[in-house]
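Heads up, the thing below is written out as structure tokens.
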């Protein structure tokens, strides 16, 4: 028996546990700073899963853009917009009950669908990690137009965000 | 974060959340800087009203070091009061001694021997150097440069060695006293002092290289905390803080006591070399230049001391009787005009003693200057005004 | 220095003598017992090789469960919580070990030997050594206080670490070779190994060397090799801050005409950091009552763990890398970026206005320096055409001239841009705004004390080493010496290996280069004042960012021409490279000369030691 | 021990998606809602990458995931800029107060 075959489930369940634990934490906590911190757990766990899924570049991008950039932005936003560190917006009981029901039903439906299909039919699993060069080639050849559109979008976002956050006078 | 409400200024408390729909851009915050803060130079407390990094208002709160120095003066004889003056501006004790002694001498008409006058000039100027060294070093510390501070202390250490050899104390000297000085200078004092001056003078250029003309330091201090000449006069500033604004006013020239008129020296004033006239850098650089001038004075005084034998003290200094009269006498201390108001009632003990500390007056301009600058500029400005809390609170 | 001032060798109080005697007794007795147990078990294993699996199962699985079953009623009867918990714990451990033994492919024989023979023997020897040290305490202290002891210890430590690394690399390679050896392995070969049995392994060894197979067996699992390597990495990262802090204090002392730490440990206070660590651990662990306690406790780890994680991907030499990721550069940058979050959370959770200022400044600073830093790093990546750090390093093995910093003018500028941004990234002066002590008291760590506080410093110094390492790999020839690798002796003997390791290739050179960059960071910190937050933003966004953009653009055009292989451009490039290398040589010689000049004239320069002004000196 | 397949990832992503929806509905803090959106995007990404790994064997899904991460960053920047504006005019980021915005 190969070590890797019993290591992979362990690592998967580890990361999946981190992801789920912190996602549940986000839902349950009423402290927005803690929610942002739980988001770090989710993002890190997902990045770990990307590593497991042999998407190294994506994992690194997830860590650097999401965890390093977006999350700092969010925490920054929290700090700038909350009057005291422990602002709580509590939902009412009925809201919570309704939302939970909807969430559970949705999850049950999705789970039913997912488990009802035999995914192994006609699958071509990859066994080599995608290299940066492959991703880069694909980005600059097949996906060049979306890539350029995305860069224009980023520029627009930059200008737009600067315009929106600018003081009026 | 508990809201801070100032009883004297209830309008300052903007920490409360404004919930009405309005044009709230950002929130203001009250921050206590001090009384225990690394760059308030002692137990100064400044309440800052800030908007992010911007400081909208700064209200100094003083009195944490109040020791009833003036009241004590009304209960002891002038000669006994000299040690208390040491503890006012503890970085320039000699100058405090000198101011009080001169005031009493002027009130009683006591004649000071020639040799004592020369010794007084030497020690006052050496103490000015020591005080400016601390000021310079601590200013570097405020800007985040730790090293000049220790260089400054290394140099000051040797001045204190000289003082210790002369009077046995390193901080609270009580050396200059009514009628002269407590003791003659020790043997070889002139040689050692000259040696020190030869060692010290080139160091000034090194400080300039290290700190004064350092690009980051200039960026931090030039065009920050500008005090115009008019404003400086209106707020009663004195000393380097006044001269930094370009006002050529120095009591050593205006009414020379102790024979300052016999020495050849210049009054450095701020010139707006790196920024606008009267900014923090100008005030800082005036001190550096004053050290140079003090070296000049001490050199001349040492020459004069060698040729002035005689008494170092008037015999009746210990038991002066104060006439029914009053006097206000001030000298140019290390931080500005240090004055004593003394009212006698015919006995040995003064009826009223009142000190005018330059730090106290200089500090009053804080809010005016600190307004609308960045949080990081607050230490820069307070450091450039160079207050000593012992003298502010007395 | 008078030895009487060292508290270690002052007369020891009675109580401590008694404690020492007790410790000696425990260690000596325990060591002997463990040795005997180990030897007896060795005999048992030798005598009963077939039933070993059962024995181990009984010893490690069944016995604890039985013991636990006995303990629980005892604990319940006596009302003792400890005994009951112990019973349950024993059942749990027994079930776990037993289950693992049954369920996993781990050979029970190996577990048995490791747990019951090698473990006790090693523990026994360690305890006996400790007892010996206690007996020879005074002599050991005397040795430690000798003039050059610390230096020898330090250098010896480094050498032995490197030797260990060398040895483990050798063993790992050997094991990997064995795992792929089809003559040994009857089943299918895999890259991860894990299919060899003890019997197969021991055929490789003759006679008395057979037991080596027991030690080698676990090493065929990638996981176990990783754990060992991770232990090494963590050990190294713990040593870096300790010695960098000591070094920083010494350098700061010399710059400021002081001596720095002189007492603890003897020679130049080499153990000062250990003493500080002791002190910090003993300090009150303060948590602001009005703050967010959980986040406050969590924040130091949030800063510390990413800083360590950066070392997962940071190679020290071609084979000395924990995980040779193809995205190592991005990974390290990401980890340095996440570290910031710990600082922000720390400031936020402290519920102190100064700390919040520090946190906000860190956030501001981070968004401004990260972009130029990433842009500057793009230049060597583009020039090398690779993202894997070991690949980038490989391009620089042809001596000083091939280092990427002198590859084209843009690379050199990019190096300085990167170094500036990396100062900001490590919160080092003149960019130490988040913790600026003269403005914000101590910024984000105002409320921290003790061990948590020291974690921030561990993180800071580890990050300093990581960014220096990146600079070295991407610009300064990685772990290669200034001489081309092809000049290195190729032989397999120890002498040529040593020459290669010291002069041409290897982690020693890498650590030395990183040390030089660390020294420059320290030097800058103790020389320059701190800049203001608006000036940081200005410098990063309005100066560095356009500059790095220009540099990236210029570097793109340079590469375009370079790839076109036009003869005129090639000769031009050659001249430029030569000139830049010359600049590099001049800079290196200048720095080296500066340091040597400073050392030779250390008694005459500005920073003349204050101690020499004292009367009688 | 079972080997990990596509199903595991899909289930995890479904759970993450539902938790994201829950976050969006339960939080009244605008930034909380933004965090919920990030969860949903992550769930989608996880699906994409898992399909890439276990079904197609190509890396197109990863490229799409890269674009999604990029969009998420852009979205967060714009969203926070909007929240700042919102906060500036209402002194709160409780989304239930957004109906007071006029013009």
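As written, the chain order gives the labels A, B, C and D, with residue 1 at the start of each chain.
Methods note: a residue touches a chain if its C-beta (ideal position, glycine included) is under 8 Å from a C-beta of that chain, and two chains touch if they have at least 3 such contacts.
Note that the structure is predicted; figures quoted are calculated from it, not measured.
A.B. asks: In terms of C-beta pairs in contact, which of A-C and A-D ranks higher?
C.D. replies: Between the two chain pairs, A-D has more contacting C-beta pairs.
A.B. asks: With centres defined from CA atoms, tell me which chain sits nearest the overall protein centre.
C.D. replies: Answer by centroid distance: C.
A.B. asks: Chain A to chain C: how many Å between their CA centres?
C.D. replies: 30
A.B. asks: Centroid from C-alpha atoms only, then distance chain A to chain D, rounded to Å. What do you get?
C.D. replies: Chain centroid spacing, chain A to chain D, equals 6 Å.
A.B. asks: What whole-Å value do you get for the distance between chain C and chain D if each is reduced to the mean of its CA atoms?
C.D. replies: So the centre of chain C lies 36 Å away from the centre of chain D.
A.B. asks: Whole-Å distance, chain A centre to chain B centre, using C-alpha means?
C.D. replies: 60
A.B. asks: Mark out which residues of chain D touch at least two other chains, giving numbers and ranges.
C.D. replies: 91, in rising order.
A.B. asks: Among the residues of chain B, which ones contact at least 2 other chains?
C.D. replies: 1, 17, 25-26
A.B. asks: What are the residue numbers in chain C that touch two or more other chains?
C.D. replies: Where chain C meets two or more other chains at a single residue, that happens at 351, 360.
A.B. asks: Okay, in this complex, where on chain B does chain C touch?
C.D. replies: Answer in residue numbers: 1, 29, 31-32, 37-39, 52-53, 140-147, 150-151, 154, 157-158, 161, 206, 210-211, 214, 216-217, 219-220, 374-379.
A.B. asks: For a test of understanding, state which residues of chain A touch chain D in their complex under the given definition.
C.D. replies: Those residues of chain A that touch chain D are 5-6, 8-10, 12, 16, 19-20, 23-24, 26-27, 32, 35-36, 39, 42-43, 46, 49-50, 53-55, 57-58, 61-62, 65-66, 69-70, 73-74, 76-78, 80-83, 87, 89, 91, 95-96, 99-100, 102-104, 106-107, 110-111, 114-115, 119-120, 122-126, 130, 134-135, 138-139, 143, 146, 150, 153-154, 157-158, 160-162, 164-165.
A.B. asks: For the complex, give me every residue of chain C touching chain B.
C.D. replies: Touching chain B: residues 252, 255-258, 290, 351, 353-354, 357, 360, 429-430, 432-433, 436-441, 526-535, 606, 610, 613, 615 of chain C.
A.B. asks: Enumerate the contact residues on chain A facing chain C in the complex.
C.D. replies: 1-4, 6-7, 31, 33-34, 37, 40, 44, 56-57, 59-61, 63-64, 67-69, 71-73, 75-76, 79, 85-86, 129, 131-132
A.B. asks: Note which residues of chain C are touching chain A in the complex, please.
C.D. replies: 104-105, 190, 192-195, 221-223, 292, 294-295, 298, 302, 325-327, 330-331, 333-338, 340-341, 344-345, 348-349, 351, 356, 359-360, 363, 366-367, 370, 387
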